[in-house]
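Per-chain numbering from 1; labels A, B, C and D assigned in written order.
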Amino acid sequence: MQALLDQIAAEMATAPDRGRVASYIPELAKIDPQQFGIAVALPSGEVYSAGDAATPFSIQSISKVFMLAIALGRLGDQIWARVGREPSGLAFNSILQLEQENGIPRNPFVNAGAIAVTDAILQNRQPREVLAELLRFIQAAAEDDSITINQAVAKSEQATAHRNIALAEFMAAMGNLRNPAALTIGTYVHQCAVEMTTTQLARAGRFLLGVPGAPRLVSLARIRRINALMMTCGHYDASGEFAYRVGLPGKSGVGGGILVVAPGKASIAVWSPGLNANGNSQLGTLAVEKLARGMGWSVFG
Amino acid sequence: MQALLDQIAAEMATAPDRGRVASYIPELAKIDPQQFGIAVALPSGEVYSAGDAATPFSIQSISKVFMLAIALGRLGDQIWARVGREPSGLAFNSILQLEQENGIPRNPFVNAGAIAVTDAILQNRQPREVLAELLRFIQAAAEDDSITINQAVAKSEQATAHRNIALAEFMAAMGNLRNPAALTIGTYVHQCAVEMTTTQLARAGRFLLGVPGAPRLVSLARIRRINALMMTCGHYDASGEFAYRVGLPGKSGVGGGILVVAPGKASIAVWSPGLNANGNSQLGTLAVEKLARGMGWSVFG
Amino acid sequence: MQALLDQIAAEMATAPDRGRVASYIPELAKIDPQQFGIAVALPSGEVYSAGDAATPFSIQSISKVFMLAIALGRLGDQIWARVGREPSGLAFNSILQLEQENGIPRNPFVNAGAIAVTDAILQNRQPREVLAELLRFIQAAAEDDSITINQAVAKSEQATAHRNIALAEFMAAMGNLRNPAALTIGTYVHQCAVEMTTTQLARAGRFLLGVPGAPRLVSLARIRRINALMMTCGHYDASGEFAYRVGLPGKSGVGGGILVVAPGKASIAVWSPGLNANGNSQLGTLAVEKLARGMGWSVFG
Amino acid sequence: MQALLDQIAAEMATAPDRGRVASYIPELAKIDPQQFGIAVALPSGEVYSAGDAATPFSIQSISKVFMLAIALGRLGDQIWARVGREPSGLAFNSILQLEQENGIPRNPFVNAGAIAVTDAILQNRQPREVLAELLRFIQAAAEDDSITINQAVAKSEQATAHRNIALAEFMAAMGNLRNPAALTIGTYVHQCAVEMTTTQLARAGRFLLGVPGAPRLVSLARIRRINALMMTCGHYDASGEFAYRVGLPGKSGVGGGILVVAPGKASIAVWSPGLNANGNSQLGTLAVEKLARGMGWSVFG
């Protein structure tokens, strides 16, 4: 395992096409695209890693996985009255389907859907209560209390959140927002700014392994469902491609991280800031494909 | 296993909401919606079944799985120049994305994509050669030489194939059709008219199990990829829902059949002619969900 | 003329299908749908009227005509860098095309386009300055200083402006908004709340007649262009229908008013609060059709 | 008038950006883009012309105007059960709206709508009967019996008619086609291949002037309605732009011709084979704009 990770990290270090760092969030635009980290956590918490696996980065949309788990715990299947379970066939921040489908986002992993989930978790609470709950969840999953939010990133995102505010206000117009858009989006940009190292993220993902030894934060039935959604919707309009090439459920973030689950076997995290055309980490996707092939991991046979 | 199947068949026999039989193909519209069959084939070929598992039905779009396997064998990755690998977010027979995406269908399991696959397999051959190749493939997978095409169904579909012809002609206009539309659609309606019993279909699906004992018609790498596509795209715009509820790759047909793969464990076939709003078997989906839950089968944990 | 108007008003008084009053703005939802007013102003200012032509109503989107005239005066053709000149083929408040067309609204008469126009007029000024300029323009056109804004309606619209805020924030995300969305939308809801009687509106429309005697607030070249846009885009996705049935340029408002121009001949205003499925006054459209036919007015022959 | 036409023709002769000749119909792709012709016919039939006004060209979509007039004569308002009256907001050959709007094309001037009109006129007749009726209509309007169909162009279009066949088959699938697609499209490609000189076309357009002296082939009420449709839908997704710049109803064809009506005053034809991005004659549009401005012709004031 360690040898395979070292080999992948070495290959990635010299990869010529590293994608492009997300430019619309100023704080993220500064990140050095040369960085690459990979980590594999076994159910027990034992971690293998290579590259820049100890460098903290912004988990961005990977936070949607933890928030969905929290929402299912708080609201159960009621959450599905506010968000669907289908791949969108469109970009992560599209507003088009929202108009065509009465303000109900396609799934919890596109921006509109994640905003609806955050709004549902908020209820009548303050954003800081929800963010504290999210950090507690992630810290428990990673068994690491040091994980926190990068306020500079949150502030930077808040300043350029026009499109997310548009999604929230549009849902408000369709009756699918319970809190003021400013409150929900304020919470949302902070959840995206949670900062973790690749190693921490791999450890946190163990709650989706569904086997003894891993932290048990949600039931096996819910683990399966969250993994299913990661498989069909976790990489926006490249989810089919990820399933085809990697064969494991995963969730990417615009910060360049990807969390991947080999059910029962291992939680994988990878990070490289350069993104491909669909907004997923260019080298991260490639690295996970190599790892899965090398280990023979696939849920499909 | 047998007890579970019997119990499911009994429940389905009295289900009040059985969906609606496809009405646009006259021969299919005649089918009695009261029927229900389920069968589970182990890698070895051993089959458990219940209900009307010995009644032949039209596999329709399930044929797309076999054709994709043949296309991958004949053309390898070249097939992906003509069809994508992403869920569509739209109905099975939508022409909209074809216009927005330059005549390249979203995936091989929506109608346009399957027509492109059939067209690619045809090359300069006659339709009957391709259909003979398909039947040989299915017969080998099922280890059953009696499987054939229902000519009455094919003829009935040909007469109402306007929308599929439109898809083919539109692809021709965009440079993504190699044969005359009449030839490709003629082949396509016949492949949809392959007739199998639920038991035969369950046996034929074993080629996707990827374990010793099952017929090995394609490589393990391809098995995984076909299963991945069934997971993300196998149920049209309800693929996310099927992944969420059942947790196994599957492909539905408008004849009411569904082929489901529990990788390494079993091939499952179910049949009930009434369809839900997305064009998938209403009771079939429900039955497979119960079976997967009862057996603890899920690729997601 | 008077006899024709009296006859139309009498017919409209007993029309059984009066459409539905706009319900999404609480203040408008209270309006009595039994009301109907019609007025025809000759270039000289002479007015013929019938029905409730002296009752003030909210001009709503008809304000977009006056604002476009002001924008053309202030910015000239530069305004066309921010908004197009084509019918949309979609509903008045659609956000879909904004996404597909890089944040440039289709025309100045759909909501998004009108918001872009308001934003362009605002520049670095305060909303009250812009609103004062609008009132001065309308008062000059109508030669009536008593026209003002209904603050209760403005406040009511502000409280339910989620969709318009979404349009503004989306344009901000695409780089097509210069002022904070709150400022632009604050101005926009107030311009919609200008209150006029049918007679006042008919008199105000004379600035589009393009003949001596009528107030000359814009050049003949601009009059023609504004009228052209009213013809192709003035009734949202029913503009073609209005051109076909009435044959004159017009602009409708969700308050139930319609301003119609018979170039060189007369300015027509009609008001009836009940709307048809496209958001245009049901009886207003019918009444203008009868008037145009009765007078033989059409720009098309 | 003659001086103005000569001046326009001289300017157009040296215009650097002439657009691009339609390439998808091989016979049209051969045409020399240097050509330019313009002609103005007064109601009496007196014609002023300049440039290559005596060179025959393919009228293509301008035939849709004559066919609509015939359809209104044969079927009256029943034709509107099969086609709408709204601008599409999309390209001339789009199939997208057909899917979203149940197979009812937006208007008679987009391809799908014109195919529906042709299909409606066909009824149970042979294509040659319909084509003879069309030629008689055009010959009567132009008072010129020499106008005929270019069979080479028709044959060339037939060979590349995939997209139009797709539109027809899609409408067939939605229940909006009465004849076999091959028959309707066969008629359609021949109607597009009618060949006329610019002078002949200008003379033929007089039937839309609505004043004594011009050939009276349809009632004044219908003239107004046809002109209204030309204004809102005659230039595909650049109809708003044409109304804005020219201010007169017109219909363009992919052969580079445009027929424009100055109601009561003159019928204008212009021809230059190079097209702009919307599929309308680049120089033709410009020339008509100059002519209308020079003459002070506009329906809008």
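A few remarks follow.
The rule we apply is simple: a residue touches a chain if its C-beta (ideal position, glycine included) is under 8 Å from a C-beta of that chain, and two chains touch if they have at least 3 such contacts.
Only a predicted model underlies this, so the values are computations on that prediction, with no experimental measurement involved.
Most remote chain with respect to chain C, judged by CA-atom centres, is B. Look at where the CA atoms of chain B average out and do the same for chain D: the two points lie 46 Å apart.
Spacing of chain A relative to chain D, judged by their CA centroids, is 54 angstrom.
Contact annotation for chain pairs lists A-B, A-C, B-D, C-D, with touch applied as defined. Contacts from chain A toward chain C in the complex involve residues 94-96, 98-100, 162-163, 165-170, 172-173, 181.
Of all residues in chain C, only 84-90, 97, 106-107, 208-211, 220, 223-225, 227-229, 231-233, 237-241, 243-244, 247, 249, 263-264, 298-301 touch chain D in the complex they form.
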